[in-house]
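Report on the following structure.
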Amino acid sequence: MGETKKTTIVLFSGDYDKVMAAYIIANGAAAYDHEVTIFHTFWGLNALRKDEPIQVEKSFIEKMFGKMMPRGANKMGLSKMNYAGFGPKMIKDVMKKHNAMPLPDLIEMAKEQDVKLVACQMTVDLLGLRHEEIMEGVEFAGVAAYLADAENGNVNLFI
Amino acid sequence: MGETKKTTIVLFSGDYDKVMAAYIIANGAAAYDHEVTIFHTFWGLNALRKDEPIQVEKSFIEKMFGKMMPRGANKMGLSKMNYAGFGPKMIKDVMKKHNAMPLPDLIEMAKEQDVKLVACQMTVDLLGLRHEEIMEGVEFAGVAAYLADAENGNVNLFI
Amino acid sequence: MGETKKTTIVLFSGDYDKVMAAYIIANGAAAYDHEVTIFHTFWGLNALRKDEPIQVEKSFIEKMFGKMMPRGANKMGLSKMNYAGFGPKMIKDVMKKHNAMPLPDLIEMAKEQDVKLVACQMTVDLLGLRHEEIMEGVEFAGVAAYLADAENGNVNLFI
């Protein structure tokens, strides 16, 4: 009774629309006083990348990965109807028309609402990312930390 | 003890196979006396569209979205092995052979079992859909309503 | 108090990266003494296929399905950046460099940790697979069995 509810999201996807769904649910849950954690792994990590290139030492393959993946949420494609980047432009236009928050603002809002943003250290390593390339305020952790949150979660989603 | 179990599904996907998985789980849960809600958002909304075009006032971009997206579950593609529409045909053929229910029947069955079908109003607006284009018996609501269901849910899935 | 926690995963996806995420979570949960079930359905069934062709009686369409789908986890593609099979090779190379377990080993580990591996009988039939083509130690069951596990689950995911 009166116990704080918990929401956890594993954000695996790096598609603009799916990341948007994740952050809308997270912000909604935070507004209803849930403790919320988003655990970013694989392509979902790209939502946390700074949008300008950062000077860091990388191997050839790590540089390739870095270039092929979107730098930040705003550069992501859609999971459907992407049409070589025309889809995201259309979606962003209609979002503007409907006064819906663009994805980078949804992420800012999540931070302000104390949604815990976690980057999966193992996949950070696999994709050759460096801590300096990830936005401020993000924690780095592993599957054990995720499970500790999720096993007491009321709403646990994989997106 | 004796409390009603709850299942909630966020149906984000608009792929025939994923929507089928969602409705099979929902119908199963309803058969086991769960209270079941499917919250349709983004491409998942297309499962709820009437299959004939409805005369409604739309902007140019809304008309485009309307044409590019499948009108109803039966016109959806597969998430894998779609092969320009040949994959869905093959799957439907083998489903028939195995007496598996086609997707439109699974949706009908869900309604008959009182599965609550919800369309996310925000994404209805974004994709330029109108209430008249959505099948009867669907509620329109937002993320707050979803969370109110899900925070007491036993099985919460994002599909 | 002291009650065993439960994790269930519906593994719908047949992408190397998503299957890897599923098995990493499953192995993590098993290491924390959760009872863990992975319910493989649709393309996720391919993770359970033996990697050599098995002689079984099949219809023409079942043979086609069998050939088009990957035989076992090691032959799967990526959900993103697959680049005609070059993506998986790159990922496997960096995994080796970081001493991360390849997917077939993660599946072996799950078995050793008594993760319950279930194949959805209905989709086994739909995709024209035979029990002889599925690896040892896998149970065959339906959505009812899944729900019986999931309704008491602490962490329930759809991947």
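List of remarks:
All chains are identified by letter, namely A, B and C, in their written order; residue positions are counted from 1 within each chain.
As a working rule, a residue touches a chain if its C-beta (ideal position, glycine included) is under 8 Å from a C-beta of that chain, and two chains touch if they have at least 3 such contacts.
Every value quoted in this text rests on a predicted model; they were computed, and no experiment measured them.
Removal of chain B from consideration leaves all other chains as one piece through touching.
Counting the residue numbers that touch the partner chain, chain A and chain C have less than half of them in common. With centres taken as mean Cα positions, chain C sits 25 Å from chain A.
Touching of two or more other chains is recorded for residues 156-158 of chain C. The residues of chain A lying in touch with chain B in their complex are 5, 7, 17-18, 21, 24-25, 28-29, 31-32, 34, 79-81, 90-91, 93-95, 98, 100, 154-159. Chain C makes touch with chain B in their complex at residues 10, 12, 14, 41-43, 61, 64-65, 68-69, 122, 125-128, 143-144, 146-147, 150-153, 156-158.
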